[in-house]
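Structure in structure tokens, see below.
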Amino acid sequence: MSPSSVQKERMQPDDIYVLDELGEVIKPGVNPDLVLKLSQCHPLFMAAYIHRNAGAVIHTHSIHAVMIGFLFGSEFRASHLEMIKGVAGLEYTSEMVIPIIENTSQERDLLDSLQNAILKYPKSNAVIVRRHGIYVWGADWQQAKTQCECIDYLMQVCVQMKSLGIPTSLVNNPVNTLSSRIKSDISTVIFDIEGTLCPIDFVHNTLFGYIRNNLEEYTKRTWNEVLTIADRKNIIAQSCILFNI
Amino acid sequence: MSPSSVQKERMQPDDIYVLDELGEVIKPGVNPDLVLKLSQCHPLFMAAYIHRNAGAVIHTHSIHAVMIGFLFGSEFRASHLEMIKGVAGLEYTSEMVIPIIENTSQERDLLDSLQNAILKYPKSNAVIVRRHGIYVWGADWQQAKTQCECIDYLMQVCVQMKSLGIPTSLVNNPVNTLSSRIKSDISTVIFDIEGTLCPIDFVHNTLFGYIRNNLEEYTKRTWNEVLTIADRKNIIAQSCILFNI
Amino acid sequence: MSPSSVQKERMQPDDIYVLDELGEVIKPGVNPDLVLKLSQCHPLFMAAYIHRNAGAVIHTHSIHAVMIGFLFGSEFRASHLEMIKGVAGLEYTSEMVIPIIENTSQERDLLDSLQNAILKYPKSNAVIVRRHGIYVWGADWQQAKTQCECIDYLMQVCVQMKSLGIPTSLVNNPVNTLSSRIKSDISTVIFDIEGTLCPIDFVHNTLFGYIRNNLEEYTKRTWNEVLTIADRKNIIAQSCILFNI
Amino acid sequence: MSPSSVQKERMQPDDIYVLDELGEVIKPGVNPDLVLKLSQCHPLFMAAYIHRNAGAVIHTHSIHAVMIGFLFGSEFRASHLEMIKGVAGLEYTSEMVIPIIENTSQERDLLDSLQNAILKYPKSNAVIVRRHGIYVWGADWQQAKTQCECIDYLMQVCVQMKSLGIPTSLVNNPVNTLSSRIKSDISTVIFDIEGTLCPIDFVHNTLFGYIRNNLEEYTKRTWNEVLTIADRKNIIAQSCILFNI
């Protein structure tokens, strides 16, 4: 396990701590110029080792992970991106779900919520820490590295997708389903006319009329096409925000 | 042909598969530490070899290619960018047209639509796969590499142009021509006043009047200037979106 | 101290000037091909040495620092970002405050305002110069380098946060407190309905009514939650801009 | 002078053409694997040599230069950025003015407009070619390289400034002066209320009234402050766009 506060690009083999399977230090890191201290991430790395049999854990302060923390709530969800096939256990059409936990003042105080996230999301090989970064693990260093690279790429793409208003996941799941979330006294969903392309009268009389006459047929016909799936997800998301669900 | 799932920066010469001209493996890749498998892209690479006589094919998961897939429909079109001269067979004023096909769960299932795109677009040395990446080929590795570099640069520039609302192609072609697309019962094209610079009365009485009196003369006078060409293309594009053509 | 106008990646050990503790040159830089001149930053570097006992000072023209200068006023403030723990003397929940001074035509004329900023902000190990760059120091070159890296990362993240409308600091401090800044004759704070989601009547009668009935209870209940803290800070910031405080 | 169509990172010393001062080839480039051709930029490089006594010319397809071409008209203007001091002959408060010429299908056809720009802008050591890139020169390769680096940095910063609506130049010059450009029958300049912060009645009666009563005093008092200078330049720019001047 790496020591704390050493410039990463100057780390030497002797700087590394060796621990046993219970997390006890067998051989401390030694550096002729520095007093070393074991990384504060120590119990967090051990959590992935104990609960997931991880052979290697990587922790980064990736800016993409920090931005994902601002753009998503308690979960980072993405689907239908080829790179998802690089994430262990997932297919192209799978929904990748990575839990996002809140940061704490001391890194060691992350242990409880990190363990909870690891236990609650047994399919995820990573946990994002909001305003902080990401923990990623794998069976060995090769797998930890490729998982880290794939997930970092996906976070970078999804930040760009979000900034263009493109939904990052096309998978319909219970958490996202309108009927499971709206209050029973809501009977109306309001559709928006984007932009300011023409006089308000034309919008009200002509465009609204056109929509009223054609929406049902159009929606039924294209219900399972990608763009309509995206619209359906957006309507659900906007309704949830509007009604604070 | 490269093996699957090897970290690209650690690939060794012996890892490479050698195939004959029918795509049969002559010499499999061999690695002392890994069980190798031929890349799933194998039939896709062969398609470029068979139909285009490609001497080398490069496949990337370029983030620029993924973003282009979100910003364009079935074709990526660009013109009037110097780097287009770097793409085989094109001049500065040529329109580069690269087909965009839909991704599939299994890479091998891309074969049919990739072959169709290769046959339908004989001038293109690349196919973009939406939510996935790009295939680029050339007569030898040098040409495949320079094609890949030129197209990646053009995709990066065009993502930035799109985000600023700048049309990426100034070439007028049948697919983009309004008259070939609008329905016969549409008799009006609506122009937009951008922004909210002044009271609605001033817009309605003064600005609209000014436009009515001067639009025809201005448009005729500048019909072939770059900015008016861009306006003409934007009007067509907006009309097509508005009337769902 | 480095010489002026030498290409940084070609600098040789002999190019470096050696100065005594009063800033007098002991050994000038010597280069067989160039006439060297001591960096104009000389008195600025000395200011950090004299007032802060700096063992090393780094000056960069980081684009992130230039953009921060356009997005903040006289101080760059950020909190609740893990990387803040890498800045000397700060915790995760600390507010990092780095002074921003105005640039001058001649670098030597920065001396007064740089010294003032150093004295006025004894907790900051950096000064940002608007439209110019940043000065960062530390007890030795290792610390100066890590401070520079941490602050550059934080500037990059905060430029992205600003562009998404996310407040960079969640710490409530006197400078930001509304009651200490508004004029006594202001009795109303106006809340905004964002976007154009529905007819104006619905906004006026239904949404406004909903807000009126629920705002007080909601605000009290969530007063210390992160999102409401962010809202409170935004309201203060917008009020200050609106009333030119 | 470099040959055409060689991968730049694989160029060898023998690939380089040697020309005399009239532009005649003394020693052609020689490559064992390729048939070389002198770069099409040849007469363009000679133009900088003849008219400016350039010892070295660099031509790039910098994406920043391409984006600047979309964001500016016939000149790229910037001031009050420290890096401007790195451009030969300029101070911090100088306005850097780099001409932008239109691209042509064949690089050799750029010669006339490039020469015109070189003669018309004797203070500029660079010419931007829209939708193409930039030519930069200097007395020797060191100066050409540092000019290229400084200008590329400034183009990158100014693209970001433009995207945030920040004016890139604060210098008031004849070309930008309203009085020298507006038609004599324009008697009114319209100010905008940004955003949608409050009911239209409040805007119309209260905010407009406040502006009417205070604008003159405020403008006079802050006439020479940076923010008001920026406002004045923005008003001029918007008026010019509005009235097509």
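Some notes on this structure:
Letters A, B, C and D mark the chains in the order given here, with residues in each chain numbered from 1 onward.
Basically, a contact is a pair of C-beta atoms (placed from the backbone, for glycine too) under 8 Å apart; a residue touches a chain by one contact, two chains touch by 3 or more.
Bear in mind that the values here come from a model prediction, so they are computed numbers and not experimental data.
Counting steps between touching chains, the shortest path from chain B to chain D takes 1. Farthest chain from chain D (centres taken as the mean of C-alpha atoms): A.
When the CA atoms of chain A are superposed on those of chain B, the rotation angle is 90 degrees to the nearest 5.
Taken over every residue number at the interface, the positions common to chain C and chain D amount to under half, indicating a different-residue contact.
Centre-to-centre separation between chain C and chain D, using Cα means, comes to 29 Å.
Each chain gets a centre from the mean of its Cα atoms; for chain A and chain D, those two points are 40 Å apart.
Shown for chain B are the residues that touch two or more other chains, of which there are none. Under the stated contact rule, the graph of chain-to-chain touches is a ring, a single cycle where every chain has exactly two partners. Listed by chain label, the pairs that touch are A-B, A-C, B-D, C-D.
Residue ranges of chain B in contact with chain A, taken from their complex: 7, 61, 63, 66-67, 70-71, 103-106, 129, 131-133, 163, 190, 192, 238, 242.
The touching residues of chain A, when paired with chain B in their complex, are 80-83, 91-93, 142, 145-146, 153, 156-157, 160-161, 164, 166, 195-198, 202.
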